[in-house]
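What follows is a pair of complexes built around subunit A, which joins subunit B in one and subunit C in the other.
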Partner chain A sequence: MYLNYLHWVEKSIYIYKKLIPPCGVYVLDVKNKWDVIIVGAGPAGSAAGYMLAKKGFNVLILERGRQPGYKELFGGRVYAEPLREIYGNDLEKAPIHRWVKREKLSFVDGSKLVSIEYQSDTSTSFTTYLPQLARWMADKAGEAGALLVEEVTVDRIIYKDGKVIGVGSGSDEVYADLVIDAEGVNRLLLEGLGLVVKLQPEQVAVGAKETIKLGEDKINERFGLNKEEGMAWLLMGGITDYIPGGAFIYTNKDSVSIGLVLHLGHAIKEVKDHISQMVEKLRLHPQLRNLWIDGDIMEYGGHLTPEAGPAMMPKKLALNGFLITGDAGGLLLNVGYTIRGVDFAAYTGYLAAKAAIEAHDKGGFTEQNLKAYESMLKNSFVYKDLTRLTGMQDLYNDPGMFKALPKLAVGTAANVFEIDLETPGVWNSFNKARRNAGLGLLSLAWKGYRLMKKM
Partner chain B sequence: MSQDQGKTEVKPMKIDDILQRDVWDVDLEPHITVDSSKCEKCPTKPCLYLCPAGCYILAGEKVVFSYEGCVECGTCRVICPMNAITWHYPKSGRGIMYRFT
Partner chain C sequence: MKIVLGIKWVPNTQAVRFDPKTGTLIREGVPSIVNPHDLDATEFALQLKDKFGGRITAVSMAPPAAIMGLQHVIGMGVDDGILASDRAFAGADTLATSYVLAKVIEKIGGVDLVVFGQETIDSSTAHIGAQVASWLKLPYVYYVEKLVNYDEKKKEIAFLRKLEDREEVYRIKLPAVISVAMHSQKPRPVRMSYKIMAKLENPIQIWTNKEMGLDPRCIGLKGSPTIVGGITWTPEVPRKKEVFQGDPKEAVKWLIDKLKEEGVIPF
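Then we have the complex of A and B:
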């Protein structure tokens, strides 16, 4: 009922008015056969839509939210370079909050923490609200000529005679020569096609996040930042009750995003507290709370994030008339200190569009022609980065990594800095902390070696 | 009494109060259904802890579920040891509306 013609005409006029595209063709062009249908106006879908519409394809983007971004949540930081490759200098007009020039990494044990901080006058990543960035990216696709239709929850991919021919939502169907799946981490459509099985706890992590309104000046003062400079802060250890994963703090323009990510494979066995209360513990941590205690929580949310890299990728990313991008493909990188979701998603959408353009020039969107997408991915930073994830999985399964190492770091610092009468030597402090953390010297050397190698 | 002046009282907020900050347009039909016959037999009930929106709560021995405050993350579906959860996205623009995430 939501895809009936009247609704479409109404919607198209609305979109036409809203986006002020170069000409009025959409209003006349209401139809149910398209060159390309994209499912999901997230970073992957909108990047693909932008590239394809710019090339002159008739592109329809279907989004289940009332607006692009309404269903999206991330940690808080986007790496800029992949987006710059797509949008060029236009990226400067994106809703960028702050350029990250301070990176902080902390080990937490109880009320104590040890930090490493990196400060720089240059930056390759920025903070933002994902709903704002998604809105901007969808508008870029719209300006290029794509038609965005919101409030349509696609519930199936239509597969017939060995190829994908369209998508369905309730009793309505729309058809296209190519469908690009950018549905996100809960890949119900791919399950429906039989390309993947239901997500397993070991393949994903759950993130929960609070955005705290604080004011621009307070953020600058308390985090030691200049105007438009941001901080990205990751914490591990006691802050997640030693469950593999970590906590994050990002500074936005006038708010702070704080939250944590728990590896579900471990969390189902080890969680002791409701996840919202774990976020509250982060907010009220004695060493952190003064940074934002007078701020107001503006929003709270949760989202899944792919963790398994190649291990959760569908067997194929290209079928006849079909391509898979972004989180749905498992194409997100999380190596603990660096999490790349939005830029990876956007870049895979960009590559999918490139592959589609090539395939079209070769004569059509056959699996054979679209396979170029898989090789483009394999030759790009995306796949090279992701293959390292296989190693990270082993680290996650080593309970020592998220408990013993933070305890060792904090314990050593406590022994060195908290002095009774005698001034302790560093080596003795370290060994005492090591024994308290239950780590043998050899096993520690082995862990350290593996950590450096895998990361 | 006087030494307490100027101290900020810091207490964790309950999930129900935190969720007051969010905006929904709740679907009239539930987008999640729980098979209670399977759910009752579950020994571990990880949903009680890991649903970020606290949609699953314990009432006596039984898990009680409400879909209205769901943030559509999909965690419950992935972790449910009994496979008791049928999970879809809400229809046509309904559900959570994130603005600052």
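Then we have the complex of A and C:
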């Protein structure tokens, strides 16, 4: 049936060429190596793999999980436009659960909350399960001709004579002209290369999440949604014990994703409960629990997200024969009311592929040629958003921001709406709440100005 | 040595939950894995191959999704795989399953040793190894932990198995069937080069009943005499969360009174 070829290739380079099918004589051919190896079949890796395979490159994608997406976790929402630029109309066939047409932002203090809601008949983002989307994106790369291999943990990038020539896993090595690092937020390979230092708590947020199965009709009824319409709901303040960060609620097709994102630098100092207990508090919050009281918790999980923007980007995103994309590059945006990870990752993978194609046309994957990736990135919305909006980091360090403002909002509303005998005026209610929150008028004005400016 | 390795693609029972109201399993969204005890068998077979050379063919009877399981063991070093997959095989109990597997092994031909795991995590019958051995009329040793020796010329092999109070060594003539004791091996990780090969050259064949040509009365639901008479389960007893604080002597009295009240102790 097959000759026992695995033994004698064990200590060699693993590039095979079938000469005489089907009797299975395999001959080692060193010249025939991969054009591109991509580490990680997440949104960044699969988008890059799709673009490059489509162009005719010989692409190998190595994934650590048993399937694409098994090692990933996100809140629940993806912005569509960057993906549409990559996949065009094919995006309609992606595993989209609901198009988000209701946005809600709530300030929480104790058992009370104040909300702002935006409703629209148009939408620019959708909810989905990340393993489903990741599977779809990996399959797109596969259809285009890339080879996806799961259950393989790449543990080193092979750097020799001033350039990256391949990757290693245990005693095995594979070689390529270009390696694209899409390993995700925990950048062990980049650390190994000396391109980044170990992650610092201040650079990341920790996310924890539960998915509650509820049924499509119940979701539509309880959240006031039409069929296939979704809601994205972000909450801040007491819901995170006033730790910088926030909570989220997203409606999937027949389930709800709820969870928290806590700025890790603050969380390790200020956290009182285990984060899983904080998610439980969110689930049991008196104003929220009835939304999913009869639901069934299907899964829970946790993950890190990069938060520091340009401050945690590697010194270089391109080396000879090497590019860095997605979370590994620190390319994720979290500004509280908007979290963009999957679409940023996919788009940076797409840009990396574009830069690789250009470099190839110019004569090769040299650092000089691949540098175009850095300038493409700097000219794209990704980098512009990152530099503009990570000023939010300063706000995180303003202890008042996540405590005083929610208290002020909830306090004012409580004073206005909870009437004993005399109907209170709005200004008086506001001032009373402001004093309770310990905010001076001037300091509040300053905070408000900064908030508007940074956002 | 020509080895056949039997594996099963099972729902990860650690992720399966139980609906306390209906007593049914909630299987939805539960990922499947290679039966963990079969990985002990895989490791055992690979060690034999490391020592004596030869080939290992993994076999399984399952829907096509089980190809992922075969790919996994090929990633560990198994040479190729055969998946017996046909609608006609569906609904089988252990007897009908072992019949198909035995026929697959017969069809492969020239097999020296058939290796199974001790049991599966989703049904725990431990039937398949014994039944395959009896279909094939081959000697069968179960709870195997170690190879003692192998005489290639005489085709004689000796295995050690551990029981609760003793160790036993069985010397048998090949061909034979064994099942490997659970938790007795440390299954090796998947290797990149094997995994890439598995994907590039797809050394997995699917055999339907067209290839097998088995009597429909012996396979699938029709070939399965087992009848599930009923399923019962122990309902969850809600915790009362009562705490007694104070003197230990009083605490004992309080506890005994409570247990009497609940009818846990009769006097």
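Just so it is clear, the second predicted complex is superposed on the first by the 421 of 455 C-alpha atoms of A that agree within 3 Å, B and C clash if a C-alpha of one lies under 4 Å from a C-alpha of the other, contacts with A are read in each partner's own complex, and residues count from 1 in each chain.
Keep this in mind: a residue touches a chain if its C-beta (ideal position, glycine included) is under 8 Å from a C-beta of that chain, and two chains touch if they have at least 3 such contacts.
The shown structure was predicted, so the numbers you read here are calculated from the model rather than taken from an experiment.
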First (subunit B), second (subunit C), both or neither touched by A:Val174: second
Which partner, subunit B or subunit C, touches more subunit A residues: B
Which of subunit B and subunit C A:Ile37 touches, first, second, both or neither: neither
Contacts of A:Val149 with subunit B and subunit C, given as first, second, both or neither: second
Partner chain in contact with A:Phe74 - subunit B first, subunit C second, else both or neither: first
Touching partner for A:Ala308 - first (subunit B), second (subunit C), both, neither: neither
First (subunit B), second (subunit C), both or neither touched by A:Ala48: neither
Which superposed partner A:Leu60 touches (first subunit B, second subunit C, both, neither): second
Partner chain in contact with A:Met376 - subunit B first, subunit C second, else both or neither: neither
Partner chain(s) touched by A:Ile249 [first = subunit B, second = subunit C, both, neither]: neither
Shared subunit A surface residues [contacts with subunit B and with subunit C]: 2, 66, 70, 150-152, 170, 298-299
Of all residues in subunit C, those that touch subunit A in their complex: 26, 28-29, 31, 33, 55, 68, 72, 75, 77, 79-80, 189-197, 199-201, 203
In the complex, subunit A residues that touch subunit B: 2, 64-67, 69-74, 129-131, 150-153, 155, 170, 185-186, 188, 198-201, 204, 206, 208-211, 252, 255, 257, 262, 264, 267-268, 271-277, 280-281, 283-284, 289, 293-294, 297-304
Parts of subunit A lying in touch with subunit C, wherever the complex brings them together: 1-2, 4, 6, 9-10, 14, 16, 18, 24, 26, 60, 62, 66, 70, 147-152, 154, 169-172, 174, 296, 298-299
Residue ranges of subunit B in contact with subunit A within the complex: 8, 10-13, 15, 18-19, 21-22, 25, 44, 46, 48-54, 71-75, 77-79, 81, 87-93, 95-101
